[in-house]
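Here the chain labels run A, B, C and D in written order, and each chain numbers its own residues starting at 1.
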Amino acid sequence: MDIVTIVQILDSTLRLATPLLFACLAGIISERAGIFDIGLEGKLLIAAFFSAAYAHYSGSAWIGLGAGVLASVVFSLFHGIASITFRGNQLISGVAINFLASGMTVVIAQSWFRQGGRTPSLTGDQRFPSLDLPGAEAVQGVPVIGQIYGEILTDHGILVYVGLLCVPLTWYVLYRTRFGLRLRAVGENPAAVDTAGVSVVRMRYAAIVIAGVLCGIGGAYLSTSLAAGFVREMSAGRGFIALAAMIFAKWRPWQGLGAVLLFGMLEAIANRFPNLDLGFITLPSQFMTALPYILTVIILAGFVGKAIPPRAGGEPYVKER
Amino acid sequence: MKLTRKFLGATAVLALTTGAALADPALIYDMGGKFDRSFNEMAFTGATRWAEETGGEFRDIELQSEAQREQAIRRFAESGYNPVVMTGFSMATPLEVVAADYPDTTFVIIDGVVDLPNVRSVIFSEQEGSYLVGLLAGMATETDNVSFVGGMDVPLIRAFACGYAQGAVAANEEVNVIVNYTGTTPAAWNDPVRGSEITAAQISQGSDVVFAAAGGTGVGVLQRAVDDGILSIGVDSNQNYLHPGQVLTSMMKRVDNAVYSAFESGPGMETGLHVMDLAAGGVGWADDEHNAELISDEMRAAVSSAQEAIAAGELAVHDYRSDSSCPISVE
Amino acid sequence: MSSKRMPKWADVLLVPILSLIIAFALSALVILAIGEDPVRAMRLMITGALGSTYGWGYTLYFTTNFLLTGLGVSIAFQARLFNIGGEGQALIGGLGVALVCLFIPWPHWSLAIIAAIAASAIFGAVWAAIPAYLQAKRGSHIVITTIMFNFIAFSLMNYMLSHVLRPPTSMDPATARFDNVLRLPRLHDILAPMGIDFSRAGPANVMLFVALLACVLAYFLMWRTRLGFEIRAFGKSEPAAHYAGISGVKIIMVAMLISGALSGMMAVNSVMGGPQRLVMNAVEGAGFIGIAVALMGRSHPIGIIAPALLFGFLFQGGSELALETTIPREMIIIIQALVIMFTGALDNMVRTPLETLFALMRRRT
Amino acid sequence: MVAEVTGGAAAKAAPAIELRGISKAFGPVQANKDINIKVNKGTIHGIIGENGAGKSTMMSILYGFYKADSGEILIDGKPTQITDSQAAISAGIGMVFQHFKLVENFTVLENVILGAEDSERLMPSLNRARKLLTELAAEYELNVDPDALIETLSVGHQQRVEILKALYREANILILDEPTGVLTPAEADHLFRILRGLKEQGKTIILITHKLREIMDVTDEVSVMRRGEMVATVNTAETSPTELAELMVGRKVLLEVEKTPAKPGEVVLSARGLKVVDEFGVERLRSIDLDIRAGEILGVAGVAGNGQSALLEALAGMAAATGEVKMNGEPLDLTLKHSDAGTRRERGVSHVHEDRHRCGLILDFMAWENIAFGYHNAPEYNKNKLLMDNHAILEDAKGKFERFDVRPPNPMLTAESFSGGNQQKIVLAREIERNPDLLLVGQPTRGVDIGAIEFIHKQLIALRDQGKAILLVSVELDEILSLSDRIVVMFDGRIMGERDPETTNAQDLGLMMAGMTGDVA
């Protein structure tokens, strides 16, 4: 594999990892607060649709982003009403949200655009512009740095950088702020938070709204930056890969970045080499596609570093003595 | 028992008469959907043209899943639509079964062959059209690298690739042809993101003209080409308008004509194998106001002489499907 | 607590029916919002799914799928295991059916169906066994592992169909058609000797009766056998089951194996009974609809029959809808989502006011 | 000495807390009925009552967990609305719950500041808390490592963190709910020293307990609750344990159960070197030697959490153990690789689990199904190899309900629709009527009404008189003293010694429960 190929794959990795990153951080925030979120996929999808639709109507990717985030937050609130207010099963609610998104996007898209469940192609300002990092041009000749900074890191849609910035931000919020302390506590022992005079319900709603916003940005990136418009089922399981990445990272943001980069790279490799010839074995692209899931099962099985979820995760909080 | 029989019998009759008036034509799109800007959309265009010209009505349906193929064909046949036209080679197997059950209905399959008396099988000489656009690509490239993004990796798509490669090399012996396919399942027809990433990879390998024969996936290919400032070539329908001035040309596969002619001829049409080649106007290249600036007179002359040679049988473009091989590797 | 506050019939019937009504009402709003007429839509669905033996043939065909996947989800639910992997188990079950039908020259369909049922059940059970084992022995969350296994199954089938099982001459990622001897008798063939004229087209076949039989057998399993007793006890209280000497590992394994086997068996219908060859995505989401069916049927083997029929109707009616209106087929996914939401996650929203109502009524009398 | 503190100026000022006419009902259950109480500033006020007397409901109302149906709360003489925990904290109330409300994988500091952080950034709060902790440690013997993770701390230390949390929030009124249930006597004494120190600083302390000794030792005043009502408030110095006990139960306590002397027979079960290590690697049982004979009740006394549960579960086949245990002379498989609770039943061991809600019953099952629970493999409950005989089980359940006076006598109801006492009777009927050689009984009368207690005690004696062996584990010393023929005391996973109930008393047992072995007979 020559250097150009590697650079290209890493370049592609960064793009493909970005929607995973947003969803993964969303999952981390939500699950750290004790709300299991298998509806990441649905939120990505609904956000992707509304972003593309409103970017098309308004001519501005930013307005599209707003619409996508709003849609994703609304879905988050459904999840909240079911699993926080009515103490329903968070997993079932998540499943329902995924189906709701899958059905709604096509039904609405068909009704609005009559193009078989897709939006018209987006052009110009309807999509996010690429951002050339300062000095990227200048360092292109320099070995290593030139390739990393001048070729891999630069010239991506602006949301790629937003995503990367969200990693330290999430870390800081979780571990260095009052909000983060309470959020983590609410996922470990909500009773402790409740008796400390902090509303568990409010904390959990705050967490899922943030998760909604992050998924919303991820979805907007999918349809208005990575692609140029919405097509049905365009999230294509990315929400679940993000879920896998979250488990892989054991619910920690920096490790989450690592996991999505790994999974993004697997996708990039599968795109580049439908049949990856390793000399002694040829791996079909299907294997690469399945690899994130296989790796996650191995992690879940606890053979390689046990993944312990937040202790109060999945359980509705019922006040008791 | 008698009552049941009467009741069920009555409803069965009802079923046959619900829906539209008898003998309206119907159209079934393959996965990828009616608005894939490509293959299926071409079929829709043909049907619409027929409807507009004749004032007739037709019914159409998009498949959401592999498993629905047989039901879709049956549904139209059962309700008395005639002829029933369908696009895509994947329809061949289910059609074989259903066509036998409805001998009074005429079926048309595009891109597939079903050997039954009530089926018209329409196939195209994609390699010939691809040769022409390959020729243009070979002349347009400045890096001596052109590329191809196929949809599902099947002999049909390899025939596109093979024709394209032959054309490109014919124009410029130095040209290197980079070939990739999106996948091995029908999902490959509808994955613009993957199409875009594959194109990005090809661009990093030096390609400056990319030909997408990948249905809906091609939208992503063309978009990436525009984003990165290289030329692209559309497929099936005329896609020049998608990005005016940036799409070199489109390899036209006149599915619209096939559908139009089937609708036009009606149930009594001549069945059997119909080959739509360059000579018959089945395939060709798009030359319009959107790409006028990109096509030099020299290019136009080269293409038209090749076109004449092929039509006259003087120039044989190798068909990958004939021996599962290609003089230029399209693996 | 719930059982004390409400009569059993209300719990079993009223709550799911009310949830269903809410789900339907919201779906009607969606239909209105996209500028269509919900009443007309409903009428079209009824004519399309139930107005002819042709429609019935498909409705019952889909019902068969949902009976088996719904039953699979139910058995796991009874052991408090959320087997979200019915889709993957059914996909792999289809592989079992295809192998049995393609590579063994059966003299008669009746032998082949037995072998196919066995093979699909084994394949489905094996696919459920790994998540089950990981849950039982390593405590890995079964919901997450079964989701992962759905995707792995999808990739595996994708590979098998495009690289291994596809006949060399075919471009379609599907197996060859099975021998005509293996064609399962359809309702047309079964009812014709009784003098009933049933549409030849509908693919509903003997598997419908197998599925119904499976429901009855599952009822006996759950309510008349020791194993059923143990599964239900484990599902209600894990520590209590341990106290009673019921092995958690055994129950998790057995319940998931049965669940996977039932989901896998669904493939006999959708592969051998339908297109008579294995195509991509032969399951068409039936594994997920099984969740809705189980939730509505309160995970009761007999209780799921009505919701399975309902979803069979929706599935068939929905495809007719797409033909006659601008409402896409995906409308039924919305209905499915709402049913799951209201009968599963928002159960308390429906239940709590009802309980209050019953309490008020009781106080008055 | 105590009375001096109570009198004088403190008593005349407005009470720290006053409840007026507080009532709270949960459905048909009246948990609190017209509660009136005054707690004076700078005192330790005990609240005593049986399980289910309404103590905890009252405290939950005070801490904003429940809203009272009627009544009024006054803090420092001012009517105060306590709508949630935040309001309680603002009113200066700190609560130490029986089950600690700590985040296990947070540090002590993080737990202390949680919910009371000074600013959006954590650092300043953490630094301030660290300083305060050092001060408090010196002042009140409240020393804990501020950076230790909660899960690494002992129970006593965790409780100190709870107190520190309250003090960090500048609580003036500290409520402790059953604080010594999980403590050793030494730890409890330490706690009481802390409480006295806090009182001297002017804090008001409410101590909820059902242990008379603690009330007598540390409180200034005591209020007694019974069946949701506040029946009396008295000066501790002016009352006696007997009087309090009477007030608690509403009649003379039946300390003695009528029974004839035991006629011990053969050894039914003998254990040597029995050890249990739990899933976290903690040694729960440290080499127990034990013999139980036919026709006797062996009582196991001890503070909760000293290995009694592990002992029961090891013998019942619920927890793996090492060592040697013989049942009727035959060894038992303790590894549980070849046996479980079911095979143990086949060997003649029946088990009334100490937690009937979690283990003893399946609350969602119908009562008749619960009758077969654990014995569902028994031949009389099965028609053949495949099918159970539900009719036979139902008939059997009807008989059992009659003999054990279960009310209502309808086995078609779900188990959860029965009262605590009747649920326990269902469990006992199931386990006793299997005619076991050995009956393991944990906390037989926990959460059971007085009438049922008597009935249950009689049943246990009757089983003993049939020549069966009974191992009785209870945290109620009275129960142990009145039922047992021999008593062993457990502490920290060990047996501290054996006593004859005729010659021992609560003090003697209490010493051993605290781990003091000076006078082993």
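Note that a residue touches a chain if its C-beta (ideal position, glycine included) is under 8 Å from a C-beta of that chain, and two chains touch if they have at least 3 such contacts.
Model, not experiment: these values are computed from the prediction.
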Study note, to complete from the structure: When A-B and B-C are ranked by contacting C-beta pairs, first place goes to B-C
Check your understanding: At what distance in angstrom does the C-alpha mean of chain C lie from that of chain B?
Key -> 37
Study note, to complete from the structure: When centres are defined as mean Cα positions, the distance from chain C to chain D in whole Å is 47
Study note, to complete from the structure: Note: chain C sits from chain A at a C-alpha centroid distance in Å of 30
Check your understanding: Out of chain B, which residues touch more than one other chain, so two or more?
Key -> 62, 184
Practice item. Would you please write down the residue numbers of chain C that are in contact with two or more other chains? Key: 158, 162-163, 330
Review point. Touching two or more other chains, which residues of chain A qualify?
Key: 117, 286
Check your understanding: Touch graph of the chains shown: is it line, ring, star, complete or other?
Key -> other
Study note, to complete from the structure: Chains touch in the following pairs A-B, A-C, A-D, B-C, C-D
Point to revise | Residue numbers on chain C that touch chain D, as the complex places them | key: 1, 3-4, 220, 224-226, 229-230, 232-233, 236-237, 239-240, 242-247, 359
Review point. Which chain A residues qualify as touching chain B in the complex?
Key: 4-5, 7-9, 11-12, 15-16, 115-118, 121, 130, 222, 226-229, 231-232, 234, 236, 268, 271-272, 274, 285-286
**Study point:** Residues of chain B touching chain C in the complex
**Key:** 1, 4-5, 8-9, 11-12, 14-15, 18, 59, 61-62, 64-71, 74-75, 78, 89-90, 92-94, 96-97, 101, 152, 154-156, 184-186
Revision key, fill the gap. Contacts from chain C onto chain A in the complex sit at residues 30, 33-35, 82, 84, 130, 134, 138-141, 143-145, 147-149, 151-152, 155-156, 158-159, 162-163, 288, 291, 295, 326-328, 330-338, 340-341, 344-349
Check your understanding: In their shared complex, at which residues does chain C touch chain B?
Key -> 47, 51-55, 58, 158, 161-163, 170-174, 177, 194-201, 203, 270, 274-277, 279-284, 319-320, 322-323, 329-330
